[in-house]
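Take a look at the structures below.
Common to both upcoming complexes is chain A, partnered first by chain B, then by chain C.
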Partner chain A sequence: MNVGHKKLLREHFGIKAKSDQYIIALAGNPNVGKSTVFNALTGLRQHTGNWPGKTVDNAQGSFSYQNIDFLMVDLPGTYSILTNTVEEEIARDFICFAIPDVTIVVLDATSLERNLNIALQVMEITPKVIVCVNLMDEAQKNRIVLDLPGLEKELGVPVIGTSARQGIGLDKLKEVLYLAVKEQMSFHPRQLQYSQEVEKAIEQLLPKIEQFGLSEYLNPRWLALRLLDSDQMLTRKVCAYLSANSEGDIYKEVSMAL
Partner chain B sequence: MSFVPNAMPLSQLSIGSSCTIAEIGLNGLLRRRIQDLGIIPGTTVECLRRGPSGDPTAYVVRGTTIALRKEDAHLINVFPI
Partner chain C sequence: MIRSTGDAFLHELNKDAETLRLSYGNSLGDKIIADIYKNAEQITKNVILIDNNKKNWTLKLDNYLTSKVFGYPFMLLVLGIILWITISGANIPSDILASALFGLQEVVSRGFLSLGAPAWLHGVLVLGVFNSVAWVVSVMLPPMAIFFPLFTLLEDLGYLPRVAFNLDNLFKKAKTCGKQSLTMCMGFGCNAAGVVACRIIDSPRERLIAILTNNFVPCNGRFPILIAIGTIFGVGALASQLQALAVTGIITGVIMIGVFVTFAVSWFLSRSVLKGEASSMVLELPPYRRPKIVSVVYRSIIDRTIFVLKRAVIVAAPAGGIIWIVANTYIGEISILNHLAGWLNPFAQTIGMDGYILLAFILGLPANEIVFPILIMSYISSGTMIELESLAELQMLFINHGWTWLTAANVMLFTLLHWPCGTTLITTRKETGSKKWTLAAFIIPTTVAFTVCFILTQTVRLLGLA
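Entry: the complex of A and B
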């Protein structure tokens, strides 16, 4: 973690991580038990407040496992990270620009169909995603049978079933987190394939994104997709964050090009 | 809004009945949001109840209840079941 990035974390996200702490983001739909997972892992070692400049709660907590320290950040519950509510903006910006070491996406086992949307969206931004299928106890009550190994194969990232209220599955989650930050686990997140026209347009944009050296900061494919969306809010953000983070004057050139 | 044969606006669905989505005539952020909630062509939607003044209306989509304003639901075309 370079100095510029640390400053960015502190000023834009209110994150004060120690240098040996791994940053873990916790994302997911509302009411899937994200905060239950968060509380179960971090216990009382929490710090709560607001996101800088926003009236949205921000909770951070720390825990250690096998002598590794983690700083966990509970993101606001959102259905998507593309539209522009303040909560979604915070969740997206954090995953995009704060570059957490691992992002855990918490899903509701009783309505996976609706929940997988955000998992796929996060997997488009960052490869290091762990899917935590929570509320397994509720699913069992409703006689829903889940093929987690199958889901893991389909998604290409680790999938862990938990019942955070009962504390079930959390040890496994910690173990996978540990393996993930120790680079002892491989991530091959499934990438959505778009229509031929869109894929072609992405291909045309990619060299330009590479040319500016943007792929060092952001997933180039994802940025190409957002450019195609003509998401101007995001392109402005990209420039702002680059200017805070980069050493050179890339952001000036980039803002001209965008 | 384009014309889909046999389709009607979601806002005209009566309480207790179901439909499948034919087409979403919304644009921009709202369209994205509707899609994020799982409302895409082919999705089954049930009309649950209406607010006191006839608006908004609660719909059950993929196991979750969501409320839509009449003006927005009017732009979503559905096939009644």
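Entry: the complex of A and C
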């Protein structure tokens, strides 16, 4: 973590991470037990407040596993990260620009299809994703049987089933988290497949984006998709955050660009 | 490095993306989302081994109730059924209540006379206060007591969020927030409550539009006027079953006009004084629930029907007295009421109504509930004394005062579109914190109402249809 990035985290996202802490983002739909997972992992070592300049709650908490320190950031519960709402924008910006070491996406086992949307979107931005299929107890009660190893193969990232309220599966989650930050786990996130028309439009826009020299920071395909989805603010943000990251003077840059 | 390539390039990239986006008919955003869903569906199919979840039937039902094909027709059907039950069910209790209350009035009258009370006291209390309260109760109570439980039932079932979902697209086209459909539904109960409900809309621009257009759905003060006039003038000659159906059609049409005007005014506002883009809303469709019948009946009868009726009676009682005084105080040969009505009449005629009707609407500013009683009172006291014991005789009263189907249509449209009641205006003032927007909340509907009635009247007269 360089100095500029630390400053960006602190000043734009309100995250105060120690230099040896790994930053873990927690994303997912509302009402899937995301906070239960968060509380179970961090216990009382929590700090709550608002996202800087927003009226949306922000919770961060720390925990250690095998002498590794983690700082977990609970993102607002959203159905997507296509930035339709303030909450979605916060979640998207954090994953995209705060660049957490690992992002955990919590899914509701009883409505997997709806929940997968956000997981697939996160996997488009960052490769280091762990999928936590929560509410497995509820699923069992509703007589739903899921093939989690199959899901892991489909998604190309680790999948862990949990029942956070009973504390089931959380040790496994921590273990996988540990392996992930220790680079002992491979991630090959499945990329979304788009229809021909969309793919064609991406191809037309890609050369332009690659000229811009962003490919080492951001998935250019993803950026193309957002631009095609008329997210005009994004390019400004990309510049602001990246220059903040490299020069360390975030206030000047962000206020100039936004 | 990035800074130096900087702004010019950024601008170019945005412009290219925009051109490309438009060359695909501006539909890529929707396609991208549809594709994401398709991916999720595909994966889910492969990993769900057994699914006996009961939640699924909700999902299947929603596929129909919120589909592009069945969504709107089903909404109309539900609205139609509710109105039909209300209209065909309200007639008989209305007649029973009317004859009971006016029978009572005669008894009270005789009591007054035998006690030797002065004529003016009898006039104010019996012909003024009692009479207008009796009208409010007999005309308003039955439709409310039927409509509100049905509407609450719909809320309890969980259908309203589906309505919001269906209408979201239309609101987006008007560049406003989909949540406006929820505040619109609240307006059916009470426009003041609807205006307060606009707090759920985050964007100040969209909230303002929702507040300014809330008045275009008929609240329960105006709803009975629509039903009564619709019933009286709807269809004379048809068989009674068909009659209820025809009236249902008329009222549904009137409500549709209200919804259409809501969209039209929203559309206009978000392209003129309140310019801006639509923000999205996230709406979780809750599962359908079995409604709790007892609590539905309790809530709708006690919380709404009785509450609204109480408010109406409280306003109607003194208003009735005042009207009687105004109608029976003479300046020269003519009563004050007739003076006022005569003064308003030429203007009212251009929009197909008469001076008494317009006066009733003006005097009804404190609460729309009393517009109808005031109108009846002024007609009765302006000469043609007849015994009113049923809706049929009410029709006679109106026809004697020169009503045609055009008058009825104009009164219904004016009821739907005219200025909000005093309570709603005060609420608007509180919610917007601005005199300017409160004035706009008064002027916009008033202008719309006058314009619509004027155009209709002049067109019909020009064509010689009435």
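We take it that the second predicted complex is superposed on the first by the 240 of 258 C-alpha atoms of A that agree within 3 Å, B and C clash if a C-alpha of one lies under 4 Å from a C-alpha of the other, contacts with A are read in each partner's own complex, and residues count from 1 in each chain.
Throughout what follows, a contact is a pair of C-beta atoms (placed from the backbone, for glycine too) under 8 Å apart; a residue touches a chain by one contact, two chains touch by 3 or more.
Note that the structure is predicted; figures quoted are calculated from it, not measured.
With chain A as the common reference for superposition, the partners chain B and chain C occupy clashing space. Using the contact criterion defined above for the overlaid structures, shared-chain residue A:30 touches chain C, although it does not reach chain B. Of the two partner chains placed by the overlay, chain B and chain C both lie in contact with A:110. Legend: residue contacts after superposition of the two complexes on their common chain; A:242 is shown touching chain C, with no touch to chain B. Look at A:232: by the touch rule set out above, it reaches chain C but stays clear of chain B. After overlaying the two complexes on the shared chain, residue contacts for A:151 are found with chain C alone; chain B is out of touch. More residues of chain A are in touch with C than with the other of chain B and chain C. In the superposition on chain A, A:82 makes contact with both chain B and chain C.
After overlaying the two complexes on the shared chain, residue contacts for A:204 are found with chain C alone; chain B is out of touch.
When the two complexes are superposed on chain A, the residues of chain A that touch both chain B and chain C are 79-80, 82, 84, 110-111, 113-114, 117. Interface of chain B with chain A (complex): residues 29, 32-33, 36-38, 61-64.
Interface of chain A with chain C (complex): residues 30, 78-80, 82, 84-86, 110-114, 116-117, 120-121, 142-148, 150-151, 154-155, 190, 192-195, 197-198, 201, 204-205, 208-209, 211-214, 224-225, 227-230, 232, 235-236, 239, 242-243, 246. Contact residues of chain A toward chain B in the complex are 79-80, 82-84, 110-111, 113-114, 117.
Within the complex formed with chain A, the residues of chain C that make contact are 1-3, 5-6, 9-10, 12-14, 16-18, 20-21, 24, 28-29, 31-37, 39-41, 43-44, 46-55, 202, 279-282, 284.
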